[in-house]
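The structures considered in this document are given below.
There are two complexes below, and they share chain A, which is joined by chain B in the first and by chain C in the second.
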Partner chain A sequence: MIEREVEIINETGLHTRPGNQFVKLAKTFPCDIIVRRGETEFSAKSLLKLMKVGVSKGDHITIVCDGEKENEAIDALSNFLANLTE
Partner chain B sequence: MKTYKGISASPGIVIGKVFVFKHQKLEISDYPIECGSEEKEFQRFIKGRDLAIEQLNCVYNKALSTLGEDEAEIFEGHIELISDEDIEDGVKDLIFSKKMCAEKAATQVMEENAKDMESLDNPYMQERAADLRDIGKRLTYCIAGVSLMSLADIEEPVIIIAEDLTPSDTAQIDKDKVLGFACEVGGSTSHVAIMARTLELPALVGCSSVLHELNNGDEIILDASMGKIITDIDEDTRSEYLNKIKAFFDNKKTLEALKDLPAETLDGHRVELCANIGTDRDVEGAIKHGAEGVGLYRTEFLFMDKPQMPCEDVQMEAYRNVAQAIDGRGIIIRTIDIGGDKSLEYLDFPKELNPFLGWRAIRMCLDTPDIIITQLRAILRASVYGKLRIMFPMIISVKEIRKLKSLVEEVKASLKSEGIPFDENIEVGIMIETPASAVIAPILAKEVDFFSIGTNDLTQYTLAVDRGNEKIAELYQPMHPAVLTLIKNVIDASHAEGKWTGMCGELAGNEIATLLLLGLGLDEFSMSASSISRVKKIIRSVSYSQAKELSEKALSMSTADEIVELLNNYILNLE
Partner chain C sequence: MNLKEHLLSREAIALQVDAKDWKAAVKAGTDMLVKAGTIEPRYYEEIIQNTQELGPYYLLAPGLAMPHARPEGGVIENSFALVTLKEPVAFGDPDNDPIDILITLAARDAKTQNEEAIVQVVTLLDNEETIEKLRGAKTLDDIKILFEELD
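And now, the complex of A and B:
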């Protein structure tokens, strides 16, 4: 299991479009992927959960990957968040 | 004849038949379902959801072809949301434990989720609650087997009248079959309004009561430019409007055709037309209107209405956003111009008798260098993302420029020692808005890379006329010979040193002044984006020598009125 903290840098946070891209990317990996923000933990493979938490600009979230291809998954997801411009 | 008022969301005028867009009302049963039929009821939900997904797929494909990939992706997100396990589990639970019918269970689950989203701090996320309700409505209708009215079903060109249009409604709009629309709710920044501008369809929002007063097939005039709907049209009004419509489209066509053409005279003299912006959100409009760059980025908005001074990172990000959005074109960033009529809550400004002649812009910055140093650091850090230029306002002397330039060098040196990259050759210019700077332009031109003339303040200071005082409004004449003489002096001075002069005041976007400024040799005109095409049209219709001749003539005249009359007549003869 590995985890990594990432800061959300895009102006509008993970709303419908970037959120969907994030979830779509997460779903391409077989491992379990959890997002943690503060006390809350939820599956990175559910757009509804992601949007209900309201991940916003400046938030620090931790991505936790566990299982097959966990290294690839964490790199891909944190890269995606680091390059969001919307 | 009857007139209804609304807020213009997107300009344009059309005459056409009304199509009232109103969904059939859906009755949802409150009675519990029979014991033992839970699984059957749950399967009704599954079937309804699959149908809703199928419909959203159609919406997605339609949006892909009419609105482009970015907009379409939103509906891909909607499909993802409606398919979410949480929704399915929630509905299942309500059906099995509370014996709710599938429609009621689905409505309740979607509403609970929408409420959760509404309670978030982030306004973008709060707005997404409306999306969830939109999806929820479709889901419920699909379960009940009642079809939602769709704008995709419209067969002949109509004007849509609706209470509101959701994103999934507007995505179905076929531009050939919709002449325009009017909604009862919404403001000029609502989703419908933004969509109307994207689709370039005339639209009104906030038209209260039209939905009840108009019927399918009624013929109306939708004058979105003036913000009204006219019904029971009489013949005079009709012919008047047919002419207006023709003029509107002719003009639009001519201007649109110019968008990607250079601002070049008949004999090949080229100038640059740029946009004035206040925030990164204005960049889109600038590009859309064919701006070749940003001639004035007013950074004040970053500082105003904030509890404290925005930090270096926040500023850097704003500048970077603009640099990235404008895609390689030049951007002139004016450093903070506070004081005069603009103050800040978190900075102590003294009460002044004469604030426009007081502690403003770089005068304030040179006294409290921390502010300008932070801004310069942010600009320089952002300069690796595009072609940024620095412009200092309110200059009256060489001494000020030298001080400011030494601050720029200081900031560069400290960035270098920290290993932070920046554009080493960033150009530094000044705004010419005081008579002093205009008079000593030949000296100032040796110190800077460019000038940009701010005609609003230059006029006010040169003529000693307060531009906010209505009593002397007539005296405020940007084409007064005194102001024009200064403008000429500035342009000539810059050219003598191999530098260039732009203009970012109102005069730059004033069509009457276009040929005069062109003839004086102005290199760059910066204005509000929507004026660019009109100014370009004028520039492209003359030769440079004609413009020079005209401006020489104008400058030999003794009064502003004569000059304006000369220019006005010249333009009228061009058309």
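And now, the complex of A and C:
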């Protein structure tokens, strides 16, 4: 299991479209992927959960990957977040 | 803006709608909001155009859609509409197709949209039992009873 903290830098956060892309990317990996923000944890593969929590610009979240291809998954997801521009 | 109150007070609920494709399904929701005076007709065009350019970015989970565009796309007042379909339609996303429950969302600014409106929609829909009851609802009274149970 590995985890990494990232800051959300894009203006619209993980609402709607970027959130949808994030979830789609997470679903391409076989490992379990959890997002943690403060006391809240949820599956990175559920857009409903992600939107319910509402991840905004400036939030620090921790991505936790556990299982097959966990290294690839954490790199891909943190790169995705670092490169969000809209 | 309270989702359940909004839907009931504006009569922005259409159940068991016959929609021939995804565009007709989206239009069933936006038509009610145009009639209620809370969006301009161009809001529908914005959603269709965005969908064609970006894909259906508003599909939340299997069966569930939350069509919306940006606040500057013709929103007059914060509002919601609920549409359920008699026969589900495909939006072109294998993860979530086919869709038969849509909650159209219109918010006047991005903060309201992201931090209030969307949160209310997903809070309502993040419950299998609620989804099954929405799917099975035939009359406005069925929805009223469901919403009363949830409050």
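The definition used in the following text is that the second predicted complex is superposed on the first by the 86 of 86 C-alpha atoms of A that agree within 3 Å, B and C clash if a C-alpha of one lies under 4 Å from a C-alpha of the other, contacts with A are read in each partner's own complex, and residues count from 1 in each chain.
The rule is short, and it goes like this: a contact is a pair of C-beta atoms (placed from the backbone, for glycine too) under 8 Å apart; a residue touches a chain by one contact, two chains touch by 3 or more.
On a predicted model such as this, the values are computed, not experimentally measured, just so you know.
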Would you check which partner chain A:T62 touches, where first means chain B only, second means chain C only, and both and neither mean what they say?
neither
Partner chain(s) touched by A:R17 [first = chain B, second = chain C, both, neither]:
both
Quick check for you: in the superposed arrangement, does A:S78 touch first (chain B), second (chain C), both or neither?
neither
Between chain B and chain C, point out the one touching more chain A residues.
B
Examine A:L47 and indicate which partner it touches, taking first as chain B and second as chain C; both and neither are also allowed.
both
Interface residues of chain A shared between complexes with chain B and chain C:
12-13, 15-17, 20, 24, 46-49, 51-52, 54, 56
Interface residues, chain A side, partner chain C - complex
12-13, 15-17, 20, 24, 27, 46-49, 51-52, 54, 56
Along chain A, where are the residues that touch chain B in the complex?
11-13, 15-17, 19-21, 23-24, 46-49, 51-52, 54, 56, 85
So in the complex, the part of chain B that touches chain A is made up of which residues?
70, 73-74, 76-78, 80-81, 84-87, 113, 116-117, 120-122, 124-125, 128, 131, 321, 324
Touching residues (chain side chain C, partner chain A) in the complex:
54, 57-61, 64, 68, 95, 110, 113-115, 118-119, 122-123, 125-126
